[in-house]
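Take a look at these structures.
In the two assemblies presented below, chain A is common to both, partnered first by chain B and then by chain C.
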Partner chain A sequence: MPFAQQLWQAMLRDLPLISGPLTLFFAATIMLWPGDLLLPSNKKHIWAPITLGVLAVSAALVANTANGSGFSSMFQVDGFTRGFQLLCTAAAFITVVLSQPQLNALQEQTVEYYALILFSLGGMQLLVGATDLVSVYFSVELMALCIYILVAYLRTQERSIEAGVKYFLLGAFSSGILLYGISLLFAAGGGVTTNLLQLNQKLALATHNNSLLVFAGVLMVLVGFAFKVAAVPFHMWSPDAYEGAPTPITAYLSMAPKAAALAAFLRVFGTGLASVHSDWSAPLGFIAAASMILGNVAALRQQSIKRMLAYSSIAHVGYMLLGVLSKDPLGGARAVWLYLLTYLLMQSGAFAVIIHLQGTGEGERLDDFRGLARRRPMLAFAMMVFMLSLAGIPPLLGFFSKFYLFMLAIQQGQYLLTTIALLTSAVAATYYLGVVNLMYFKEPTGVQLPRLGTALALTVGCTCGLVLVGTCFGPWLLDWAQTITWF
Partner chain B sequence: MPSMNSVLLISFLLFSIGVVGVLIRRNALIILMCAELMLNAANLNLIAFARHSGTVHGQAFALLVMGLAAAEVAVGLALVVALYRKKSTIQVDELDLLKG
Partner chain C sequence: MEQSLAVIGSHLFLVFGLLALGGAATMVFARSAVHSVVGFLFCMLALASCYLCLGAEFLATAQILVYAGGIVVLFLFVVMIVELSKYKEQTRFQLHTPWAVGLVVAGAAAFIAVFWQTYFSPSAPQALTLDPTLAQGLDVANQNAQAISRGLYADFLLPFEILSVILLVALVGAVVLAKAERT
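After this line comes the complex of A and B, so read on.
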């Protein structure tokens, strides 16, 4: 049986590369069946610690995976893969912790919630290492299909379902565009390969013959990815999905899929479509500028804090696209990774505060932050740190990552885009400082707040501590980003 | 053997029908069908160009895409059913709770 033997050997050789995602898939499957069957229905809350354990194991495996490429060069492990995989895993970990108060309060502790988080995370971990358009597309879809369900998870609430349906329909539309773009690139490359490196060489040759085909393909892939990272003008789903989704899933949406999709963005455009850089740099520049401007301006007039954070995350994506635009893909990848790392800390902290305020039914509206400093001084201080850091005010952590990203853009000669980025950062400071203003200088509303639960207190404490510690070691963080490499 | 340009033309027409359908129809199920049409337009390209070059890579991709389309429909229909139970309608322009 030479074929079976070959297959077996190939599996033995390549499977260690995806040990992290494999752990997630196995664990999630076993949790769904027979795990859930064996567990009495009043014990469902123990799935949370089990999930956290699985995530920790997966993170350890991911961190220790050796460099290599496998599965007919569809998947590659390098510093870049490991770095982004760890970011996504950390985001999922924080999400599970943040989910506890709400799931307990609504009595919605089910195994499906955790299994879907694990499956979607598996998709993300595969996505960041994908080096072939086939694996890129299927990982994106695995990630997205699970997240559609998570957004609509509170199926008794109309808002949640509405958000899920909107997200799903636009997501299905965008995945159609992405796949059509991929098929055009496949056609332009002569119909022989979807591997990013090979495709890069083919496209470099093909540009003369069928430049229209290449251009259309590149544009469609760009649109597909812009949908996934919610960049203007393909952002319509994001504020609705953010507002309607359960708040912990909103936190997840704003961190993990974004990190994974940006990693794929960097990999596909940095290696696969590098030879046709001139085809996509102008449209991507437009998308980045539009995201920065519209994201920040629209965030100014929001009354719901979840919507405000949704629009501001659109703007943050705009900044990060500066890194994708960079002609030095590795430098761009490092800057984006650092930005995502700091963004993850600030965003998860801010969401922990929002989820705490939501415990009593408030926290949705910005007005609920009125006078928080007098009612909960520590919480208000932490929220202030997150807001100032998100605004990128020096010397806080958010400043360093922004600085690194903008410096790179200036070195690449993107003066116009960097100017827009700097100006819109000033706009962003307005609404972030607006929250601080509400907390410190307005009269409290008088509603009694519940006690801060352990999980939320730990999250707020850890993230706030890390932001402050990171602030002191900002310059060293830049060195740390050098571990992001690809071969 | 049809020329590659005619294949591209047909797949583009199919894709356009899908895009236009998603943009103008307001029934969630029809939007879902049109999105599937877009996937099939891409499949047509993949299969035709794989056949043209004599490799199986694109054909395998198309097979996988069909599997994915089925998964997408499963999730999509579940969401649409949940929506119908809640609102007794699947017209997407009546989804107006979230805006701003």
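After this line comes the complex of A and C, so read on.
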């Protein structure tokens, strides 16, 4: 068979695997051109419902993709891929809903905003299924490039530009480190493969000579990924990016790219570098412990709620790294997935409340929450639920996933790290309860707030309800987590 | 005949290598920015000739297209747009230079140590080879353009396609960040 014909057949065979991301790419391109040209300039607000429709179609395609591996085993669809793809898609959906009040207020309803969200989501969907270091690297870059632009999207505000530039420079730097690490691992494996499973076997057989090369490569890949998930000591960009970005994008940053990067983290270290577990377990343990401690302690002193949530998300990443550390990678993946699912609910609810307050020029500073219970009792109650759940107070959903994750860590014999996690959780409760204290026991200062928009009310209501009663559905959630598998 | 061609080839390689070094030196030491760019262009062309001497015609073409074409034009734009004369009086060595040099030396030493131990210690493994299956049925020495195309479109199809999306996103991003203020 001629070479070109072989290529064509291989492509036709493999394309259904990436139908979800392909839909996103095509839709985003058509929206940019000729879609934006054909739409009259007073109708730009309909891009939001169109984007939501595209996201729903992509989610349906992703959920129905059959298992399989393709593109010279660079991409694989399995339960793990589907689970994390759906998680990221849900995060993008919520972000588009949350974006509406701010985009309308700033008159920034532009097609590029939605197109960039779709492109970045496409990158994430490819990333979580990538089974080759080369495709991992390119997907990470696609995802990150879109996010840099989205962070700097409010280009008239100095803060937003500063955040974008900082994030871009550090991100580019970390990509360089990641790529260098990948090339070292490629060399250490004999220079024949970057496929994760094959590389795992090669590294297991690496000669004593190569051990230093393997260690250097593993360490650099670890640093690259730690940058991407914002783990201490590679977290410096995160608080500034969170604070400067438009608030809906902050919500997006804390949910979707984090989920995708953690998924890649799990797959690369769980399947590709499992044979050299001893090389990375100690450094990763240090990173996890440092993230928990520094994230929670630094969050205590923040005056801006966005910065506080940035540091708290660093701490949450620290907890989730316990799952990556697990010697049973699949069990770790399940625990992390469950954790991310509940984190998505709490975080999107909390950001919906912040965005609503921001619509009236408040919500940036913690003091804006002073006496919220008197002014808007329902909103304050929802915020209290989210804060308590983030703190991991039983019987809320946040406790359930945290319990599952910590139990796994104890079963794996990580007593020291679990102890640190428990202690720092107690520290975390201080600042989460601080917000509750401000809302319920302080005198209100601000003016009367306007009514909550339908979309925001729906988001807050749904997430609050789910966080409140989610634990009752624990067995179903655990069953659901069991569908996270790879082969 | 063959032998004398090989000798000429290796001599040519040396000549072009020296020319490239000269171009690079011009670029670094020239006072005027335009002279620097011309030195850079010279260096890149000489490097492309070096690749040709080594029988890597695809790499040579790509080198000319990307560096001698794209990057040099970009540099010239910057030289024309930015007024460089006000930067002339700056001191060449700043306070943090020793630290930077020290860090670079330490990093270089660490990596030389790693590679030394890996490849030159007594029980070093065989030399690195590219994946032989990538070049199946091809005479890589004479058909490296075909070998590269096979790698791009067969084995690395997915990353190649992702790369095209990345370039599209870069374009969109440049437009988003640079477009005029709405009035």
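Here is the rule we go by: the second predicted complex is superposed on the first by the 482 of 487 C-alpha atoms of A that agree within 3 Å, B and C clash if a C-alpha of one lies under 4 Å from a C-alpha of the other, contacts with A are read in each partner's own complex, and residues count from 1 in each chain.
Note that a contact is a pair of C-beta atoms (placed from the backbone, for glycine too) under 8 Å apart; a residue touches a chain by one contact, two chains touch by 3 or more.
This structure is a prediction, so every number in the text was calculated from the model and none was measured.
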| item | value |
| --- | --- |
| Chain B versus chain C as contact partner of A:126, first or second or both or neither | second |
| Which of chain B and chain C A:134 touches, first, second, both or neither | both |
| Partner chain(s) touched by A:85 [first = chain B, second = chain C, both, neither] | neither |
| First, second, both or neither for A:158, with chain B first and chain C second | first |
| First, second, both or neither for A:192, with chain B first and chain C second | both |
| Which superposed partner A:148 touches (first chain B, second chain C, both, neither) | both |
| Chain B versus chain C as contact partner of A:183, first or second or both or neither | first |
| Which of chain B and chain C A:401 touches, first, second, both or neither | neither |
| Residues of chain A contacting chain B in one complex and chain C in the other | 134, 137-138, 141, 145, 148-149, 152, 155, 187, 190-193, 213 |
| Residues of chain A touching chain B in the complex | 134, 137-138, 141, 145, 148-149, 152, 155, 158-159, 161-166, 168-169, 172-173, 175-177, 179-180, 182-184, 186-187, 190-194, 213, 239-240, 243-244, 302-304, 307 |
| Residues of chain A touching chain C in the complex | 3, 6-7, 10-11, 18, 25, 29, 32, 71-72, 74-75, 107, 110, 112, 115-116, 119, 122-123, 126, 134-135, 137-139, 141-142, 145-146, 148-149, 152-153, 155-156, 187-188, 190-193, 207-210, 212-213, 216 |
| Partner chain A, residues of chain B touching it in the complex | 4, 8, 11, 15, 18-19, 22, 28, 31-32, 35, 37-39, 41-43, 45-46, 48-50, 52-53, 55, 57-58, 61, 64-65, 68, 71-72, 75-76, 78-80, 82-83, 86-87, 92, 95, 97-100 |
| Chain A-touching residues of chain C, taken from the complex the two chains share | 111, 113-115, 117-118, 121, 123-125, 128-131, 150, 153-159, 162-163, 165-166, 168-170, 172-173, 175-177, 181-182 |
